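Dropping the structures in below, format is structure tokens.
Shared between the two complexes below is subunit A, which pairs with subunit B and subunit C, respectively.
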Partner chain A sequence: MNPSKASRHLFTAGVVLICAWVLVPIYLVLVNTLSTPAEVTGWPKSFFPSFHLDSLKFFINYAGVLKALGNSLFVAVLTMVMAIVMGAPAGYALARFDFPGKGAFRLLVLMTRAFPLPLLALPLAVFFIRSGLDDTIFALALVHSTLALPFAILVTFSLFSGIPVELEEAAWTLGCNRIQAFWKVVMPLALPGIAASGVFAFVTSWNEVFAAAVLTIENKTLTAFLIQSLDYSPAPLKFAGAAVLVLPALIFLFAVRKYLFSLWGIANR
Partner chain B sequence: MANISIAGVTRSYGSFTALHGIDLNIADQEFMVLLGASGCGKTTLLRLVAGLDQASGGRIKIGERDVTDLPPRQRGIAMVFQNYAVFPHLTVFENIAFGLRMKKLSEADIKSKVNKAAELMHIEQLLQRYSGQLSGGQRQRVAVARALAMEPEVLLMDEPLSNLDALLRLEMRAELKSVLRESKTTTIYVTHDQVEAMSLADRIAVMQGGRIVQCADPVEVYRNPATRFVGGFIGNPPMNFLPGRRTTGGMEVAGQVIPGPASGTPVFGIRPEDILEAGSDGLQLTGTVRVVEPLGAHLLATLTVAGELFRAVLDSDRKIAPGDSLTVTVRPDRIRWFDAETGLALPA
Partner chain C sequence: MKSQRTLAYLLLLPSTLFLLAFFVVPFIQVAWLGLTVEGQPTFQHFQTLSADWKFGPAMKNTFMLVGILVPLQVIFALAMAQMVAKLERARDIILYIWTIPLGVSDLAAGLIWLAILEQTGFLNSFLNAVGLIKGQVNWLQYGNMWALLTAVVLAEIWRSTALMLVILVAGMGLIPKEYAEAAEVFGAGPWKRFFKVTLPLLKPSLQTALILRTILAFEVFGVAAALTGTNLPVLLGETFNWQFNLQDRSVASAYALIVLAISVAFTLVFLRVLRVRSEQRA
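This part shows the complex of A and B:
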């Protein structure tokens, strides 16, 4: 066959492979979650789930799961709030004001994501123990906020850049001071993007494993709980836990996918 | 009384000075146009009067109040922006009502003022629409209505017509002129289009390089430009310039000797339309026709006179072709002289 046809076949094969890479594990998780515990541990397995909720019931009733779920929720919500409260003003400042070191700051913000968390985990644990914050939801939320902040800042930066400053100036000439103009004109237009940053912060925290495992003992989040019990927990629990972890992330990220482009610097206006 | 006094206003950005000591007095209810090319400082000056920018020096007064240190909302101004700045998340009604709500007027008051402004700008039927559903021209009307509804002491307009297509611009210009005349508001209007300036202004302030080069009524600026720049900038097609040489008996221009200014190195200026049929008394200029443009209303001929490009506006029935030799007579009362070095007009 001629070269372009061959390259097209190669391209299609590549796409199919990548899709399978992502979709097959999700499929496996879903199939097993929706089967009875007996089917999960039994053999042969069917490709089609039996749509029983027994595995999920088993998951919820397992000792410590509900508490861990609650902790995950608290940490994620706190992370979301902190990321927005710190990130949105930073994004606004980057978009509206010119200050020395602006370019370096943006680079630095992005670079924090490149820093390997395992390197920080032990010193952080020591610091938290010393300051009495160890094993608290607040401490974990702080770490998660740091992970979510670059995204929050860059998305809100792109968001506010896309809102013409003339709109605020018009509001100033119509009787608003700076804060009123921000609330009445900029916020309504920026709200979808800010919500998206919040959702991403939530998902980042919800799925985070390493810091959660290291920094929490009594107040484990779901991720920490599952990984700590990996050796002895039954298979249905693992599959149901995976589903509970993965599905919210999938749904939320799909909802805000438009804003993910901002992280990679692609303008979405 | 909403007269505006701009005294010694400067604006610098580090080592770059955008405005050099601007002095301008605008009378109550006067329509002042700031005219100039891009980068001359006209929008900077407008924004300083609006309070959107802080002057580096000088004072600005509106009426009796010194507003130099006041924010925009306390200056009694309303502004129309070049890109309209209509709030996309509000209906047209809410846009026009925005400033009135900030003033905490009663609901009935707001409704009547909004309707009045909407009628003025012929947008009553659009009140419940959002800006995304409007055309550019409609958005522009909303922006003007929003400013007029505030019944400001001073109205500031930053090139409001430049984003419209040519025909719409013509219609809006006439509409704006009549609406603003009725509203009797002191207005400062910024534009780079000299036709707009000539049509709308009570007085034109021509700006160049951060300075006001001439400030006078449109006909005066047209007939008696203060500098060579003004002569060349105003008028379409622009003024012709020929070098002059001082000889015994006066000035030599294109081989002819005519009376001229007593001192200075003069440049001869004449507008393309200020020529008469050959044979009349006066300075005769001869040149070779290079380009003939039949523009419908008249013929625009570009000649080479004494090595320089020279444009002449001729009757549209005239039959000439490129390569022909053409002699035109120049109206003696419309001849203008400018200094070759400073560009300033020289008294004849």
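This part shows the complex of A and C:
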């Protein structure tokens, strides 16, 4: 075997090995999820699932799980909507206009990166109690939006910057006003990217643990439910919970994989 | 011009107000909570938290985690990004697989690795089946600090290296191929090309990746809770404990202030050490 062929095999082996490193742990938690509770706590473990739905049924029927699942979904959708509705206009303004204060606004957005934002749930808890918003889905979505909004602004900024302003100008000369030109020309081009940044916002909220655990008591999200019950919850519940947490994120990431590098990677610089 | 400016401000208004209300103001409040008693300035809450026996271990564990984790992740992410650049076939699907952990929360990652590392878990089952161990080994034993630390580091490398990878791959995409080609023409080998051409040009991305990852690493919480319960105290875990279980908001806020100060300090260090001149930003 010549050396260049050997090094190519080594390279391929490395790539396959990293794929396995990522996929095998997810596979193993799925094996646990699709086995009976007795198998999940049993020894030694089989590396193939017995395809029983008992663990999943146990998870779904466990008191509070369904509600937590619904809450997680609700908070994530609310976060997504707030991040896009506030973030996309700001991204557009940054991409299209020059104005005094632009630098200051960008600094404010970038500064959010230097801070562990979930910690803000602590002072906000006090504010939420005073305003009667404590332990609500909406309050948690507000905190999750502080995580998702700066992302949405930066991603839509790089998205709108990539759409030539000449297209809009052409629409104006053809008789569109500013709003019409935006909806008819810019929006169709930007929509997939905006949807992608919405998905990032959704996943951010869906996965957030600390703020959810601090701010919710009766209205727990799934992450809050799982972390608050770690001490006493049975193993099948934990692993089915992990699988249910992971799967939607996998599907959504697959849907937006095209934008992961072009928007997310670059907007993050 | 003037109407344009008005429009720009109108578009920025909602997010500016939101960030002021839910990002800037809470900072002032958390400082207020952590530094006052009945309106009087005090260090009392810091005395309370430092008198707690868990404060020292939480501080030490968190710093050890970040100190082991982040350098390893930089090396892995750089190596993986270099591999991505060399991929000829199946680039899209491999990139998707490598970035899957981006969508996994730290709690889920902790639970996934718990399935592997627990006493009746998959690692023991595998080692037992191939005859390397007999029976079960309790890897996540209370008091075995290094084992617990290793477990959390493994889970975090598995989960969060993808974040660095995405930023570095995007950054490498912005470097013109001509530079590496020119270096090759002048006889630079692959290692020299990497250290003298790619790495310096990657500095802006590397800086961002380091800042984001380091701050997130100091926020380690769910992984540690899932894998070790309270056997490996970390800063955010203790913050949660004071807020949620001990119901002392002021001490929790004092913890938060410590994490905030550490985060800002590291950001400033990275901004300074990996200084990027504006013309270097592509």
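What we mean here is this: the second predicted complex is superposed on the first by the 230 of 269 C-alpha atoms of A that agree within 3 Å, B and C clash if a C-alpha of one lies under 4 Å from a C-alpha of the other, contacts with A are read in each partner's own complex, and residues count from 1 in each chain.
By our rule, contacts are C-beta pairs under 8 Å (C-beta built on N, C-alpha and C of every residue); 3 or more make two chains touch, one makes a residue touch a chain.
Note that the coordinates shown come from a computational prediction; the quantities given were computed from them, not determined experimentally.
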First, second, both or neither for A:Lys45, with subunit B first and subunit C second: second
Which of subunit B and subunit C A:Arg113 touches, first, second, both or neither: second
Which partner reaches more residues of subunit A (counting touched residues only), subunit B or subunit C: C
Partner chain(s) touched by A:Ile26 [first = subunit B, second = subunit C, both, neither]: second
Touched partner set for A:Phe239, first subunit B, second subunit C, both or neither: second
Contacts of A:Glu169 with subunit B and subunit C, given as first, second, both or neither: first
Subunit B versus subunit C as contact partner of A:Asn177, first or second or both or neither: first
Overlap of subunit C and subunit B interfaces on subunit A (superposed complexes): none
Subunit A contact footprint on subunit C (complex, rising order): 4-5, 7-9, 11-12, 14-16, 18-19, 22-24, 26-27, 29-30, 32-33, 80, 83, 86-87, 92, 94-108, 111-116, 118, 120-122, 124-126, 128-129, 136, 158, 166-167, 169-171, 173-174, 204-205, 208, 211-212, 215-216, 218-219, 221-222, 225-226, 229, 236, 239-240, 243-244, 249, 252-253, 256, 259-260, 263-264, 267, 281
Subunit B-touching residues of subunit A, taken from the complex the two chains share: 164, 166-167, 169-177, 180, 184-185, 188-189
Subunit A contact footprint on subunit B (complex, rising order): 50-52, 71-73, 77-79, 81, 83, 85, 87-89, 98-99, 102-103, 146, 150
Footprint of subunit C on subunit A - complex, ascending: 11, 14-15, 18-19, 21-23, 25-26, 28-29, 31-32, 41-47, 82, 85-87, 89-90, 92-93, 96-97, 99, 101-102, 105, 108-109, 112-120, 122-127, 142-143, 145-146, 149-150, 153, 178, 203, 206-210, 213-214, 223, 226-228, 230-231, 235, 238-239, 241-242, 245-246, 249-250, 252-254, 257, 260-262, 264-266, 268-269
